[in-house]
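Order of writing sets the labels: A, B, C and D. Residues in every chain begin at 1.
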Amino acid sequence: MKPAKFDYYCPKTVDEALTLLEESGFDGKIIAGGQSLVPIMNMRLSTPDCLIDINRLQDLDFIDYEEGLVKIGTLTRQNRVETSDLIRQHIGLLSEAVPFIGHVQTRNRGTIGGSLVHADPTAEIPLALMTMGGSVHIASTDEVRTVNAEDFFVTYLTTDVMPTELLTEIHIPIWEGRVGYSFQEISRRHGDFALVASACQLSVDDQNRISNARLVLGGVESVPLLVTEANELLQGERLTDSLLDKVASIVSKVIEPESDLHASADYRRHLAQSLAKRTLQEAYVKAGR
Amino acid sequence: MEKVIGQAVTRVEDGRLLTGQGKYIDDIGTPANTAHIAILRSTYPHAKIISIDTSEALKLRGVKGIVTGKDILPYVQPFSVGVSAPVKYYPMAIDKVRYVGEPVAVVVAKNRYIAEDALEKIKVVYESLTPIVDIEKSLEEDAPLLHEHIGSNIANHRTFHYGKVDEAFEEADRIVKHKFHFPKYSATPVETYGMIAQYEESSNQYTIHANFHGPFVIQSVMAGALKIPSNRLRIIVPKDIGGSYGIKAGTYPYIVLCAVVSRMVGCPVKWIEDRQEHLSASSSGTDRVTYIEAAVKEDGKVLGLKMKLIDNVGAYIRAPEPACLYRTHANSTGAYDIPNLMIDAYAIMTNKLPTGLIRGYGGQELYFPLERIMQEIAHQLQLDPADVLRRNLIKKEQFPYQTASGGIYDSGDYEKGFELALDMGNYKEIEQKREDARQRGKLFGVGLACIVEPSGSNMGYITIALTPEERASSLPKSGCAEAATISMDPMGCVNVRISTTPSGQGHETVSAQIVSDVLGIPREQINVVAELDTSTSAWSIASGSYSSRFASLGSSAVFYAAHKVRKKLIKIAAYHLQADEDDLTIENGSIVSKKDPSIKYSMKRAAGSAHWNPLSLPDGMEPGIYETYYYTAKVAEPPDENDLVNSSVTYGFVADMVTVEVDPDTGEVQIIDYFTVHDAGKLLNPLIVDGQIYGGLVHGLGGAMYEELAYDEKGQFLTGSFMDYLCPTAPEIPNITIKHIETPSPLTPLGAKGLGEGNTMSAPAVIANAVNDALKPYGVMIDTLPLSPNRIWNLLNQAKEKKGANQV
Amino acid sequence: MTVHEVEVKINGKTYKEEVESRMLLSDFLRETCGLTGTHVGCEHGVCGACTVIVNDSAVRSCLMFAVQVDGQEMQTVEGLAQNGQLNSLQKNFVECHGLQCGFCTPGILMSTTDYLKKHSTPCKKDIQDMLSGHLCRCTGYDGIVKAIEKTVEDQKINI
Amino acid sequence: MNGEGSLTLEAGLQQSWDILLDPNVLQKCIMGCNKLTQVEENKYKAELAIGIAAVKGKYESTIEIADIENLKSYKLIVKGEGGPGNVEATGVIHLEHQDENQTLLSYTYEAEVGGKVAMVGQRMLSGVAKLIIQDFFKKFGKELKNIEKSA
């Protein structure tokens, strides 16, 4: 298991990286942490002609607070995200999601941007981004554009980032008011790809009525699935058992999971409903505190 | 000096392994001009090879040669195998591929990177054939055939009748029966296969360095396949092997392949298997379908058993298969006194990876149906499963106990062990725990299992694959010989050479303990050499690291070899002191008179005499001190004409109690506690003993819960990485409590029995029993593994649907 | 560019080498630098045997290219013992029988070294979680967990 | 792996049929197909780069059209061999007249993927296979529209 030949470039600035990307076009591939890319390169399932290493772009390794917003640089390692007090305080769902990713040793190297661009359908960071309603900055030599999570994920392992573009930062809004969140997943072992994952963030008013809810499921579609219909249903409601059941039946209706070795489509459908209920409930309880 | 046998002393191996100075196959250096191998493997489960075009690959810079199946034919013949079916198994596919991963071509290149570049350029045209992977379907009339010339997919079939089976079944109050399926899983040592092969034309000799750990009977199988005299195949096993658990016995087809490739390409070659290769194409445990029927009385007493065993040995039957069927033959009735037994045993071939040794070999396949049916007997008779086991356990006074199929259980106190396990787990209070769990919305279950752990295989057992008539026409096989050599150099320093090729079991440490006790030398001063060289080591066809044979056999060989040295030293001293040999003993580096301790002779001087002054030795004594002892147990006799065979030398005992909680919503199983009691006779080093037990148990837990080499119904292999082949990791390990009782074996000089495989055999059964108990309210029957949450959820769901349908 | 110059400090010693871009860091350590204590078990980042410390962070050396460590500092298992003396973590692996075949051990030692530097008082569950990035097929993890727990205790005493 | 699907083509039966069997259209619609050369009647050789995002493999393939029932149905057999393994896919395509400007296309498929992709990629395999097949028909629908427009 040795990778095929490739040319390697290690730009020192973002501009240099973008120029290299533009020059290499479809043959170029960015390597950040490499924790998903290098395994598939070693297996020769991925054989890029040219690797552009962004690990020296220290400008892209940051966690910043701005009014109503947390900004995270694409190269920020997952372990830094996991242990950041700033993130725990303002966008805690992300802190809760990151420990589910792989293992300490892969989180030491893996980056937040790398996980987003790799866009594994069960991955935790994409799910969290979608749940919190975040957006990303995508740069090319021409421009920097902003894309909302809803428009970012295209299909399996595919995002809106074009071959000549680089994801540079992630913006996550800080929700106002009484906010609760929950992230749960079922996997075969600690650190495995989730069979199904569910994340929920919601806010409630002083009457404990849900003012805003975002329920997102992973592992049931090719991309993280925002359960819009359920979120609309929850608007203005207090969470009750019958409401939870309604959400579960919406989930069952809108998802079209696949079968694989570890979980059948039926089982995934069941888990999606259970986890949707569990996360919703936990988030609601937390918000009410 | 304090005796160290039986002490939990720390290991001599650890120093080098903790500092990066281990010497594994990939660390030992290579001859000049060594090239590296990459292997092109079949992507089809069953297909004809129409053509192989290597021209583009050969053009790459750094490629030294490419060898295909047809190319090797002048230099090899099929491996011999212990069944009468004429299966032609070569180390590489010749004209047909029969499993995904089968070698099709070998690239030799300057380094592995280039070799893999070349693999991509080889073009193979296949014509796909209908694959067969299902065990029972492979036996059907119109099943696709893997080996057309054999006429069926059956590699071996034997039927055995012991006692009065028909009468037992007539006498029974009830017949309890079920079909079980034990899946294919593996051992996946973290170090993969590795070897360096070199051919020397002038002597027509192959020299191989490989992490092969025996059985060394396979050395002659390899020499036979290479068509050379066996002393022209020199196999050298490095000091350190990075784990095996049996799987590395399966390196041998690759040893032959690399040997031939070295010869054909004309340079030494090195191959380090990668993980994908290991999972798809190394070796694996044997998947088995068992139909089991028990004839029982109302009180739970089992009068007789009928078992139909169908082993899937994969695409080719190869040595040591069909041994999975027969390794546990003598202990087919487990820990129970069941005198009547019928076994109908099949080994069949399908389009899957060929099988071989794996920790527990045959035991997990046997005990899963046996222990599940014992629980089912209790359920059907509405008895406490503990009582059913009690009723059937062999009693202390019955030892040595002869089993229906010819086993001679050397010693044990099974009831004591079992009661201890129940006490540890507080079995009496179990209903309270069930209620507590129910309050939390969980299903609580308890599982029990009692098993017999065989160790030290009788070389004769595998011949039971042949009929008594077939056996009569060839040399009978018996015994379980193991060798050790102990030498004392001119300065009185001791070297011990063992042939048990350890892969982490601490044989160097325990050998040093034994020699220390016998020769009265501090163990730190003893040098133990675990490297094995078939041209220079003392070894036997039974040598190697398998069947837990060190504690019963390897240690005995070391013990007796040390005694030979001791005796010689005492003889020399007696001669010089003009004392009576019987009056002399060894103490603190001296040979001392028991009657008068002032009369003594230093060991260093005795050794010095043997080397520096051989003319001073007693008449007829050889110079030097270099003693080899070959040990075998007398009880390992060939099978008799009634197919009675004592397939192992010593038989330990394991009693398990396991508690679990199941989440009825998700089907997730959590093991709460695993209590296990072992009786492996006298323990040589309790620290190492418990380490072996933890490891074996977690491997068994893996088989129960996570591990499976999965194929789809078309024969495509699905678990080619550690992301899909799931080994247990630290968070998956439950609380484990181990206790020992020590009933010494009367057969071995130290009273020790083998261990470390017991829980690999018992864990799948006991965990399944616990989960089945938890799901009892739903009336489900667990009859296959692993117990993935999806599988449990399916069972619960089906039960709910059935219930719903019944209510309508 | 397919060939690159690399200068890297490993266990305090500087190595200057020329490498192909695709050479894995694990192969570089073993074959180019002769540091065979780092083992390779899966080459897809799951088994953890190849774990080393790069710039104060335990990472998989099979998931990095040698060219990426140019100018960086590394530590491998060969750098743990000082003056021929095992350090306390290594000693506790001996005491608690935390290794059998020893193949997975170097990776586990490196992970633990990094982890204990950053977490001084982990509980058993934390230790198990950290170990989930390593496969050991010999020990059932019991001896490993005990050895790490003992090291945590030893460190407490030393503080 | 197998599956099925259907879509309504914005064209009459005859036109839909003709275009479905047009090798130029096939080449445009099959994902990653750069070149399609006819080797005999209804049999083509193609080099396919199939996969998703950075996970792509090159396959030397044959594409065969069989069991043709004029204006009704045919079978599309794709076989490929490449670095990551082998692919064998069979699709049966049915056309049904709806009205002058509409034709109902329904399909069933069976796909077998062997080798490395199946060994390590089973988790996403059926989803990706579905995606590739849907992509084929989506592109086909587009092609029809384009032709309509240019006509």
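Note that contacts are C-beta pairs under 8 Å (C-beta built on N, C-alpha and C of every residue); 3 or more make two chains touch, one makes a residue touch a chain.
Each chain and its UniProt protein: D = Carbon monoxide dehydrogenase subunit G.
From a predicted model like this one, the values you see are computed outputs, not experimental measurements.
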Grab the C-alpha centre of each chain and report whichever is closest to the global C-alpha centre.
-> B
Chain pair that, of all pairs, has the most C-beta pairs in contact | B-C
From the C-alpha centre of chain B to that of chain C, how far is it in Å?
-> 30
Compute the distance, rounded to whole Å, between the mean C-alpha positions of chain B and chain D.
-> 49
Where the centres are mean C-alpha positions, what is the separation of chain A from chain C, in Å?
-> 29
Which residue numbers or ranges of chain D touch two or more of the other chains?
-> 83, 116, 120, 122-123
For chain C, residues that touch 2 or more chains besides their own | 20, 22, 43-44, 129, 132-133
For chain A, what residues touch not just one other chain but two or more?
-> 1-5, 39, 43-44, 189-191, 193, 261-262
Inside the complex, what are the residues of chain B that reach chain A?
-> 112-113, 116-117, 120, 274-276, 665-668, 706, 710, 718-719, 721, 723-724, 726, 728-729, 731-732, 788-790, 793-794
Would you tell me which residues of chain A are touching chain C in their complex?
-> 1-10, 34-35, 38-39, 42-43, 51, 53, 55, 77, 79, 99, 102-106, 108-109, 189-191
Please name which positions on chain D make contact with chain B in the complex.
-> 60, 81, 83, 85-86, 88, 112-116, 118-120, 122-123
So, in the complex, the side of chain D touching chain A is made of residues 51-57, 83-84, 116-117, 120-128, 130-131
Spell out the part of chain B that touches chain D in their complex, as residue ranges.
-> 43-45, 100, 119-120, 123-126, 128, 276, 279-280, 712, 714, 716-721, 723-724
